Amino acid sequence: MTSPAKPFNRLLLTGAAGGLGKELRQRLKPFCNTLRLSDIANITPADDNQEEIQLCDLSDKQAVHHLVDGVDAIVHFGGVSVERPFEEILGANICGVFHIYEAARRHGVKRVIFASSNHVIGFHKQTEVLDALSPRRPDSYYGLSKCYGEDTASFYFDRYGIETLTIRIGSSFAEPQNRRMLSTWLSFDDLTQLIARGLYTDAIGHTVVYGASNNTPNWWDNRYAAHLGYQPQDSAEQFREKVEAQPMPPADDPTMVYQGGAFVAAGPFGDN
Amino acid sequence: MTSPAKPFNRLLLTGAAGGLGKELRQRLKPFCNTLRLSDIANITPADDNQEEIQLCDLSDKQAVHHLVDGVDAIVHFGGVSVERPFEEILGANICGVFHIYEAARRHGVKRVIFASSNHVIGFHKQTEVLDALSPRRPDSYYGLSKCYGEDTASFYFDRYGIETLTIRIGSSFAEPQNRRMLSTWLSFDDLTQLIARGLYTDAIGHTVVYGASNNTPNWWDNRYAAHLGYQPQDSAEQFREKVEAQPMPPADDPTMVYQGGAFVAAGPFGDN
Amino acid sequence: MTSPAKPFNRLLLTGAAGGLGKELRQRLKPFCNTLRLSDIANITPADDNQEEIQLCDLSDKQAVHHLVDGVDAIVHFGGVSVERPFEEILGANICGVFHIYEAARRHGVKRVIFASSNHVIGFHKQTEVLDALSPRRPDSYYGLSKCYGEDTASFYFDRYGIETLTIRIGSSFAEPQNRRMLSTWLSFDDLTQLIARGLYTDAIGHTVVYGASNNTPNWWDNRYAAHLGYQPQDSAEQFREKVEAQPMPPADDPTMVYQGGAFVAAGPFGDN
Amino acid sequence: MTSPAKPFNRLLLTGAAGGLGKELRQRLKPFCNTLRLSDIANITPADDNQEEIQLCDLSDKQAVHHLVDGVDAIVHFGGVSVERPFEEILGANICGVFHIYEAARRHGVKRVIFASSNHVIGFHKQTEVLDALSPRRPDSYYGLSKCYGEDTASFYFDRYGIETLTIRIGSSFAEPQNRRMLSTWLSFDDLTQLIARGLYTDAIGHTVVYGASNNTPNWWDNRYAAHLGYQPQDSAEQFREKVEAQPMPPADDPTMVYQGGAFVAAGPFGDN
Amino acid sequence: MTSPAKPFNRLLLTGAAGGLGKELRQRLKPFCNTLRLSDIANITPADDNQEEIQLCDLSDKQAVHHLVDGVDAIVHFGGVSVERPFEEILGANICGVFHIYEAARRHGVKRVIFASSNHVIGFHKQTEVLDALSPRRPDSYYGLSKCYGEDTASFYFDRYGIETLTIRIGSSFAEPQNRRMLSTWLSFDDLTQLIARGLYTDAIGHTVVYGASNNTPNWWDNRYAAHLGYQPQDSAEQFREKVEAQPMPPADDPTMVYQGGAFVAAGPFGDN
Amino acid sequence: MTSPAKPFNRLLLTGAAGGLGKELRQRLKPFCNTLRLSDIANITPADDNQEEIQLCDLSDKQAVHHLVDGVDAIVHFGGVSVERPFEEILGANICGVFHIYEAARRHGVKRVIFASSNHVIGFHKQTEVLDALSPRRPDSYYGLSKCYGEDTASFYFDRYGIETLTIRIGSSFAEPQNRRMLSTWLSFDDLTQLIARGLYTDAIGHTVVYGASNNTPNWWDNRYAAHLGYQPQDSAEQFREKVEAQPMPPADDPTMVYQGGAFVAAGPFGDN
């Protein structure tokens, strides 16, 4: 894919202070004239005039509506991205994604990139190959909230025509950190490619794509997202030797059995 | 199915003051020694000593945990059952179903009957035949909350072994009220049969069944719930003449096109 | 299905002088105020004033456009219904069905019942179970022309919104005439029911249904036409003893092997 | 199905002294002029002249070839029908079925009814619905031998055109004996119907049918055997009350979890 | 694939004066001793003695039979290749393909390469992935005629054993001419490879293959033509920058929505 | 895949004197401290001290139990590998594979690599694409014995948790020997990779993989073995010219029609 034209005047990135948000900050600039960055945490201003920064608690409906006002597309990476107690997930992820879509509807935004997660299918075994029509099997409160986000995207397309690319992100880090990530790793560049294809491909409706680089083994079959033309350029294979130098976990360790890895055994929390 | 033995000492029915709850109140008594009835609204006490009544706001975690303490199975019909603003749905249905399952986990309840709805698949056209593996297409905020409940049931089985029968209820009324309900109608007796099979069939894991009587046409194929042995005894056909005496809606009326009927066009609400 | 209301003012029946046309002539009258009857052959006028008769060669474009002018729906049973040389099939069936749909488009007719045939799938073996998505395997020049008609129906719905019920008629006679027809028989009453459901069911798009009574064995699965609610009332079973009194054909006789029966071995004709 | 004509001059029934063999002895007589009965155990001669009795050890190749000489079709119910040590299974079932087919090939017999068993799929859970294309999951040495027999039937059809109806018999007894058999029960009359349809239906190739009466729940979908026209006339439902009076086994008892019931936990034997 | 042996003495290419015909003229010569070229339009004779030229109107049965006499295989690219009034399509494409197959039958030709088109599936959306078993959705009179050709190929194989490779050609030009062709483009070399594999692969029966180069995105899955071993060597990707310099059509332009592109909106013609 | 760690102390290779066994002898050494080699035929001792040699007739239960004692994993390539009379196949392959698994169970071996064969699916045509869920169609007595081995592997995993990689070996020779092997060829290095992945991949349960190099055409789709991450490094394509210099067999030669090639026409033997 050559560098795309810049059809978006103002693009919103939520979660801009998070791990992925920081990586995406520079990478999204070619796609817009103005990049509106948002997070609940502080964001250090850039010294260019392409950025605008707006703090926002995603559980706050009015704040989200204000945030979305004036943007042309939304890259929604905000919210909690690990397993946490239900109450934290509820506000940031469930209310958050709902407010984002309601705001999109009211302000006429027609395209969303939604950062979903492999944890919506995490209770499938690593011996299974999944596609976008496979039954989900969420593995955590976090995974449940992402299921809710995916269903919300489906509803807002069927009802209001707002198009979404849902990316079921595997493990997006600088490099794979354990054996499981040899399958689930998604390089920052491949993630950026996915976002670009989600922004610039016409008529995507609600498309679900698994976000992984060109890894082996590959548990995920993107046949129902073929129209995106996603072609991962990176592979976890180059990190294999380094990763396999780690001690081998027991064969029944969740990270060796389930696609969702350690999440299937996280929680419950506190007095639960 | 002959009358079942009474393996349950104490059964909890939530939503007992609602339309279906009132119908189920007598019908569930053969399945337990004590029937604990709950609702947010007042429930008139019965003059038998098989019932116990406990008011409860499902969005109140502590109240729900107290409610579930001591019961052997849960028939969860509580919450909002029509399209309402998100905030109302959120507390009663999303928090509500979560608290029910967390309470089940903590108090060792191993079997739940969950009243889901055809509105989780309501944006499918009436020319489609669906089964339990068909992609969902929720049609409303209400439908989205039922999706969340289904996913929660899936998670609590995979993670904690709590078994659920999810009933995607069509239209459960004394008789079908419009043309669409000639397909979606579920008689109270057939609903009761489904609950009984959900309570007494072994090893159901998380089973999804569509709740309709023996109607024609039939949009829903229960092949993946065959182990329940559900055999509807009623049919909407006997009400056809009466229903077809109603004026014909326009051909593009949602009730003539979508499985979810009018819900696909309900909302948004207020200042939304 | 109770007797339907009469929403059609004028209904066109082509092929009215043919075997099935004669049977349908009386049976279609409850569905319209005026029944326009057409054939290339002479039709004896009825002594009621519900009928109007209009001779027409279906291969004659102008004649067909004239024929369709003023009708509200078309029941297209005209054309050649047995295996014949290509040139005969071409005019009556291929040009014929095309002219019918073009005329429907120009005159605003929005509903067609198309008499297709099991001979579009006739080269499937009798051990196979087919549904509407099974690949076709036409068995004759005749079958090829019916394939063309089905594709034409598909095109006119996708392009112009004209809705069609395509009935893949098995063997519609007063009673089954040989062993194969114990599976393929379609009683006149069940055929009439199919036409009625095709006329009165909303939003059928282009629906394909196999036309057979409630026979055993049953090679055809109408799961993708479930929205029609077709419930055959007759069965070939009552004629079994009579049919099985016929001498048994050899085991490799086409009528014992292929769903299309003798058609798979008919033709070619003349100097071919 | 009305009483069939008698196209077979001489029919062979193996296993004639076994439980099912004794039931079938009278029931098969309408299908042949002479019924050759065979078993390794003694068979009391009948006082009619339709029978001929020939003892035979199925593991003895020459004896089997002698047994098959002169017959027109084979109903193969012989061999071991419960879980036993491998060596016993090997001779009676694996060598036995092979010798039967080799003898059929050499003596020109073109039709076999093979008594297979639900134990070829016994490790599937009772919540699954299977059809003839579902992967097998044998549950025992016995089940493995039946798998071998099914594959042998497949091979002898592909290679030599010998046609077989493989019946995966559920539980064929006078009446169901436990809860699991409420699903798996096959009445003697329904079994006889299956054999008749296997003998008289043309062009069956190698057809696999599940042998169960019209029970609820029904784990087995015979869609790929629709050409047989099998219509079970009996149902286990009439015995439900009697069966459910038995004490309930624990929920994780194999008879409550697996389709194969107790077989999944039988064996290994002796010094194993 | 290395250069094939030359098993064909005389190969017929119809449509030799058309756009693709001119390209194929040289490319087919390695596959035969004599290349018979035909078209309704004039063809300039070559100065080699490998060619023979025979003008032919494909709608003329006798002329086609004369044309086919003496050839060993047929590469059928003749007829109308754009949307035109029905009457023009009828003669050249429907009668034309029928005459070709009848002539093949009478003259003992056993292998045909049929130039079908993506317009047999053109009403599928660009977000769908299709394979050879996907339902067709023709987008034009032209597409309907190609459907008829495909069905004719199916029939002549089932009935007379004539084998065909049906190539659903995407967009075969020197280079892709618009955004849609970045997916549908088929280079002349890749087309030639497909023809070669269709001529030289054994036992192809009636195989349907989508004709596209190695493009991204790729809407078409050739899994049911894997036995051809087709390996496209070209890709539209190298032309992306040039194509994307064109002005962007509106998002609901048919070329951006449907696989068939502009054809879905072509016609009807004249007084239609 | 980089060179694996050596988690196995003692690895057993059966069939070590056979064609593949000789190739594997050196290639398996990196995977173990001690390689136990076994065959019914003599094996020349190596001059290293990594090997230990133990002759064994696989049909001898006690000998097999002795052979398996003390090993950590089994690579089972022993037995007859061509079509032979049933009695030879019975002892070496059927009894052999059973004894291997019983011995594994008794001695606590948890991982087996089973050399199955394309002859379990050999009666499928070369125009079909198969995956691990496709119905088997064995083509020979030999193929039947491999079916029995695969079923045995399935049983021992379901019942006893012994994990197996079943490799359906295509044609593993130094180079492809005929046209069919251009599709079925498996290089020794790719076979070794498969064995390594079968030994070192966690949680494989009973996985079935087709053993072919990166050939064109490719009849076999390994989608259900994706978790192995098998990436063939060799291809038959480099041998195409040499192979295609062989005389062309007739078009109906089994090696040109069936995936199993000549096996489908081998046997029967001797007095058969």
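In order of appearance the chains are A, B, C, D, E and F, and numbering begins at 1 in each one.
Operating definition for what follows: contacts are C-beta pairs under 8 Å (C-beta built on N, C-alpha and C of every residue); 3 or more make two chains touch, one makes a residue touch a chain.
Chain labels with UniProt names: A, B, C, D, E, F = NAD(P)-dependent oxidoreductase.
Only a predicted model underlies this, so the values are computations on that prediction, with no experimental measurement involved.
Common partners of subunit B and subunit F, by the touch rule above, are A, D. Centroid to centroid, with C-alpha atoms defining each point, subunit A and subunit F lie 42 Å apart.
Separating the CA-averaged centres of subunit A and subunit D is a span of 54 Å. Looking at subunit F, one finds that none of its residues touch two or more other chains. Pairs of chains that satisfy the touch definition comprise A-B, A-E, A-F, B-C, B-D, C-D, C-E, D-F, E-F. Those residues of subunit A that touch subunit F in the complex are listed here as 125-129, 216-219, 221, 240-241, 244, 248, 251, 256-257.
Contact residues of subunit C toward subunit B in the complex are 1-2, 5, 7, 202-205, 207, 223-224, 226-229, 231.
Listed in rising order, the residues of subunit D touching subunit F in the complex are 86, 90, 94-95, 98, 102, 105-106, 123, 133, 135-140, 143-144, 147-148, 151-152, 154-155, 158-159, 264, 268, 272.
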